[in-house]
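The following pair of complexes shares a single chain, chain A, combined with chain B in the former and chain C in the latter.
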Partner chain A sequence: MALPDAIDARRAPRSAGERTLFPREASTRRLLTSPAVVLVILLSIFPLIISAYLAFSRFQFVSDGFDITFTGLDNFRKLLTGSQSRRFVGRIGTIPWWGWLALVGFVGSMAWTGVRAVRSAPAKRVRIAVSRSVVTIAGTALLALMIQTLQGDGLPGSVVVTLVFVLAGVALQYTLGLGLAMAASQPLRGKRFFRAVFLIPMTITPVGAAYMFRMISDTGKGPLEPLWSFFFGAGQYTWVDNPWGARIAIIVADTWQWTPFMFIILVAAVESVPDALLEAAKVDGAKAWHQFRYVTLPMIAPVSLTLLLIRSIEAFKIIDLPQVLTGGGPGTATESLALGAVLEWRALNLGGSAAISYAMLVLTTFFALILVNYGHRRAVAAIS
Partner chain B sequence: MNHRLSRFRFLALIAIFALIAAACSGDDDTTTGDDTGDTTADTDAPATTQAAGDMQFDGVEVEVLTFTGPQIAEPLQRRAPDFEALTGARVNVTTVPFSELFQNILTDAATGTNSFDAWVFAPQWLVDFAIPGYVEDLTDRVNNDPDIAWDDVAPFFRDFSATYEGTIRAIPLDGDFHMVYYRTDVLEAAGLEPPQTWDDYLAVAAAVNGQDMNEDGEADYGSCISKARGQQSYWWITSIAAPFIQSQGTASGAFFDLETFDPLVNNEGFIRALEIYGETGDYGPPDESNLGVGDTRGLFTAGRCALTLDWGDIGTLALDPETSVVQDKVGAVITPGSTQVIDDSGALVDCDDTTCPFAINGVNHAPFASFGGWSGGINAAADPQVKDAAFAFLSYMTQPEQANSDVTIGITGFNPYRVSQFENMDLWLEAGMSEAAADSYLGAIADSLNNPNMVLDLRVPQNQRYQQTVLDTILAQFVAGELTAAEAAAEIFSQWQEITEELGRDAQLAAYKSTLGS
Partner chain C sequence: MSTAPTELRETAAGATRRRSALGLSRRSTVGVYVVLIFWTLVVLFPIYWIATTSLKSPLDVNSGPVYLPGVDYEPTLDAWDWALNTEGNQTRRAFVNTLVVGVVSAVITVAVGAAASYGLSRMQYRPRLSSVAAFIGSGVLAVFLIVLGLPWPTAVLVWTAVFAASVATWARRYQFRLTNDDIAFWLISQRILPPIAIVLPLFVFFQQIDLLDTQLALIITYVGANLPIAIWLLRDFFANIPIDLEEAAAIEGATRFQALRKIILPLAVPGLVATFLFILVFAWNEFLIATVLSSADAQTMPLLVVSQNATRGPQWWNMSVLIIIMSVPVIAMAIFLERYIARGLLVGAVKH
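This part shows the complex of A and B:
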């Protein structure tokens, strides 16, 4: 087949001394892309490097401006074992018997899936073994931290509080979003109207949503005061005064705000499932649940994975809701990593703030990599 | 020819306009040089609002930053148009939440952004603004401004709040002391006296808690103290702890040991104060840990609290018939004291002539001049003419003609700080206070101001980090039950020590002793 002229001309070797509009194409490309590259370096990479430097330094105002002193790992030491460990890591309690069972189960399942992965791809056994070991160690540490701080005499720090917001919030948002998407994809009257209504929360600024939920959760003065007084007695209970009440308030507000994001994308994914597949399943006698479980769910798996990834990364950065709704309280019960970093920044402890931000970056990257590596394989397997 | 002539005329006209414009701008420059430019270089003839009456700041814009009010911002915003009518200077007031004010000022100045020409802030932060040279030295301007009536400013605010190392860096607009307010009718009906000690406070709160104090059929609270994190709650603990810790006069200090600079928190007195702070919550609103000072003021003026701990604001807020149901039912006393103080080992011992030389009826009071009163400072990097306009505005705000009215209005957030405000009873009677209420209110402030064991607020470098970050967070953890009193005291101790080690113990100790005059 003949190539189009332009492509043909591009591939053809130029004769020596041939004059073109752009004599050195490679350097021209570099020249044209350089503004974008410089912009990326200035806006992304440079701040990343500077904040990394700050994470290992102490910032201080002095008489002729400011002074940055290199302090090594001191900011991270404070977070993990020093003065900030109670806020960052939490108070470590004992692991109950069911906690040990969960940990053994997690390690066992990781080992089992690891062995299967090595058997299926013996050539990559070293790479698989290393990556699985890293994930298993980090995952076990995080799971152990959650078990130790979320029950008994433990108290969660901002790492676990953030994980709770991410895991509980994203799971709820996905479940509700999928439910609404399934409902909105049915041939119902007025479904366009409902689709528009479901989107409204996403258009409201998070701070506005936080203030709204702050009013709603105020049992003494808010718009739902009659409801609260009916259930709890007038003004005698406030759920943001209780650690778990406050966390639930934030998860509810976050879910209210972000479920529409899940919904709008999932409804498109659900509607893109070929009718022929669903019809075939129906003809084979599959009930509604089986159609959903074995046809719809696998078909929307790649979209679901992307959604969960985007939303999880976003959820790790949660700050507006805890800031406005509870101020990180009661105590530090709702202090997320991002809020902790901002509080340190406000105190002009820029090194401490940068260290928290980098810890958050590592955690988010680890979480995202697990989702991509493990989820992607399953998603591909599901539709193949 | 005609065409040439018209072109010539056109050029001539342009030249004339240019000459006129140059002449005008020359006049302006001369005015600036005479009245403002020279003022900056040689402050022999500083700008005053009296001189400013001739619209000398016409066209000048002054950007002022303060905290989200309505208090403090309200009088600045209300009086800005009057000042513009007088001087021509337009004053724009920007507000940010209190928890962000310090950082906003410092980063704005440190990065050279200089979006703001003046700030109305906590004078205890002066040390952090003065060391890098961000805040203008106003000494000469003040000395050459007769309208400011500097001698009328009470010595404490003049010499401590406004001054850094002998130079005037801020103009006081407000006077701040903690006091305990009580409902005269509720205590009288219960046959109780206003609290003299913190144990009395708890006893009174327990005795009247649950009574209906505003006749709305609902049970009200014995005590309302704002305890929300990230607001202005962290000051209360010093008012409660100080009488257990400071007993040898103002110069002995309530925050750090004067020899070692070890924090005075890991002792029986501070732990007892934490216990009292926690126990007040037993007689308070259920969401007290989430209430800011504005919320508790609202509850008190709505008649829902028998006792509260606050600055001078409640005295005037209680007068407003639109928001208050407790007019003429409010009394004020110096913050309660203690009959025990800590010894050198940190153990509590009973008061006697040696341990509590300033005790009144056996009770050691240590009234806390917390915050020091909102004050205005000027950005040293601002344009010279803008600095003059900013100073003229701050001077205008603090001049008795304006200030003596503003301190009687609750919404301003300004409390008395001038001698004339304490002495002129008519001001308060005209504002709607009864003579008894005015006596009680002004008396409580005067008792605090004149107490030889008054506690000065912390003014060492990065005091905001000690208090607004560490203390505030740990108090919130304590109130939430995450820490016991002993654990909280130990945490504050170790984290304050850590900051001290970072900043240099000797330098911090020297700064602390300097502020105390030790």
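This part shows the complex of A and C:
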């Protein structure tokens, strides 16, 4: 398993030689962890298993309780090719020439790095080859889906919409958070004030933030009305009718809310870079940009990856913002997977809802594993 | 105290020296301030807009943007009056629900999470994978027995019996054991699960035992949902507290719990406080789980905010008041505890 690495395997348990440090250790040991383990089994694992059963069946409330009929892969078939495929997968368009170029480039680079990975570790070649092929196939499929639905004659379904929110939102939040962290870690007066203020968006309830941004992005009654009418003429433009306008509004609101999370942790990371290293670089004649590029950035790379991982995992579950800001519209242009699952639940289609949740789970896990396996190793290699 | 001025001068000199070694030219200082002030405005403007909207009448909101209370519109306390007097009971109930659910679930989460993280950072666990599988397998069996109509005490009895029998028989034969990292990874990775997948079965479960729309149902669910985050944050924190201190205590003849109470807990306060704040914010603001598991009696503030978007369209003024009421305590706490956040948990999460 490679994931513990990223979440944190920086410290191996140091307890190897101290099993007898204190008397009567065995019972204490069990007492400490079993509440957490039992709670997680009861509140996550069991529900997950039951959800899996729901995903393969039709669930109905009847007069005295409920009724479950096993229907096999029916719910998933509906999502992928049946009545729900427009919402879930989207409308498939043609792939333009640059799309083919991107796909070939992706497969090519995966093959190239794969061959190099096999060469450098011939003993593990079967494992590497298998995992690489899986990643390449799944990655190509996702990339092709994004290209086919996002350009020209396609329409993105909730899978691609969610991916757009995750990729654009997390990238923006990280870049802004890092920039602000660099600024706020300079020796300046009043930096405690800025740090405290920058935390605020995170503490606002996401639905509240969503309504805030709905007010602010209102082209008729919002505070930016003069701006809208200056650029688009009075009352002519409403971003709600424009799919990309709506998506951008959601990404902006998400960025407002979650940049602080990146910011506070990155500030701590940037400040933990030893001054001696920066001074040495300066003595060697490195400019500020080079100090950042060759000292700070590699030093904070492992933390950055953990941050990106945590934030992406949370971002895949995005629901409050699209639900309030756009209601998933126009059409289904901003319907994320989580929102789709909730809408299905509202329609009392518990099976369909569970199936969407499972699709989410697979997608998030795949994404997290890629981040860990490809990013983390490189980051660690860069500083060691 | 008489040496204080010299000390001050010395630190000031140190700061200047540091600035000349690593710091900024005058021009970049101005640039950095521009960036920081710009982002401060970005952060504060939506909040300013909410605050002024809470003082507007419906007419002021609907007739186009007005910016300054007292200048381009006449501030009114109607919305505040609505939230605190007309619908005062509803607001109070939602606020108390949020407070109770948030604080109780955060306290339980941090306590359970801290115990587990401390254990995982200090002791070795080697549970058999087969025992874990036996526990889950017999539990699933019990759940299906309940679905088939067995009363739940009997089902729990069956669960315990089957589990004990499995551990004593077939589970012994498999020697594959889990390590601390496996356990931690497994606990933390639960955060990947989509909440709706967890909440649907819990919804059915709470409905069957008549716990829907109670604070207890929300507290239980939030503890399960937030435990992974608490363990992720606290594990780093405990692992960064030097183990030598406990070794010294052990040599002095202290028990594990004495060492924990007198040495580790005082050192861990910043991490615990910061984790508590994080978890509290998550539970305080949570919407999806609350919307599934509660309707009227256990309605929390986020639900009340959303309910202002009724048939007559969003009641912006009321909504603004409610958002302010629910945010002020958390913002105050975050600003007050900012020192802890910076020093405690996040430094802990970052060190190598």
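To be clear about the criterion, the second predicted complex is superposed on the first by the 344 of 384 C-alpha atoms of A that agree within 3 Å, B and C clash if a C-alpha of one lies under 4 Å from a C-alpha of the other, contacts with A are read in each partner's own complex, and residues count from 1 in each chain.
One rule holds for everything that comes next: contacts are C-beta pairs under 8 Å (C-beta built on N, C-alpha and C of every residue); 3 or more make two chains touch, one makes a residue touch a chain.
No experiment lies behind these values; they were computed from the predicted model shown.
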item: Touched partner set for A:L178, first chain B, second chain C, both or neither; value: neither
item: Touched partner set for A:V273, first chain B, second chain C, both or neither; value: neither
item: Which superposed partner A:L305 touches (first chain B, second chain C, both, neither); value: neither
item: Partner chain in contact with A:P243 - chain B first, chain C second, else both or neither; value: first
item: If touched residues of chain A are counted for chain B and for chain C, the larger one; value: C
item: Partner chain in contact with A:G220 - chain B first, chain C second, else both or neither; value: both
item: Which of chain B and chain C A:M146 touches, first, second, both or neither; value: neither
item: Partner chain in contact with A:L348 - chain B first, chain C second, else both or neither; value: first
item: Partner chain in contact with A:V159 - chain B first, chain C second, else both or neither; value: neither
item: First, second, both or neither for A:F66, with chain B first and chain C second; value: both
item: Where chain A meets both chain C and chain B, residue numbers; value: 65-66, 220, 345
item: List of chain B residues in touch with chain A within their complex; value: 99-100, 102-103, 106-107, 110, 128, 131-133, 218, 228-231, 285-287, 289-290, 462, 464-465, 468-469, 473, 476-483, 491, 494-495, 498, 502-503
item: List of chain C residues in touch with chain A within their complex; value: 15, 18-19, 21-24, 28-29, 32-33, 35-36, 39-40, 42-47, 49-50, 53, 61-65, 67, 112-113, 115-116, 118-125, 135-136, 139-140, 143, 147, 179-202, 204, 208, 220-221, 223-225, 227-228, 231-232, 235-236, 239, 243, 246-247, 250, 254-257, 259, 281, 284-285, 287-288, 292, 301-302, 305-306, 309, 314, 316, 319, 323, 326-327, 330-331, 334-335, 338, 341-342, 346-347, 349-352
item: Contacting residues of chain A [partner chain B, same complex]; value: 58, 60-66, 78, 82-83, 86-87, 91, 155, 218-220, 234-238, 240-241, 243, 326-333, 343-349
item: List of chain A residues in touch with chain C within their complex; value: 1, 3-4, 7-16, 18-19, 21-25, 28-29, 31-33, 35-37, 39-51, 54, 65-66, 68, 176, 179-180, 183-184, 186-188, 191-192, 194-209, 211-216, 220-226, 256, 264-265, 267-269, 272, 275, 278-279, 282, 288, 302-303, 310, 313-314, 316-317, 319-320, 324, 337-338, 341-342, 345, 350, 353-354, 356-358, 360-361, 364-365, 368
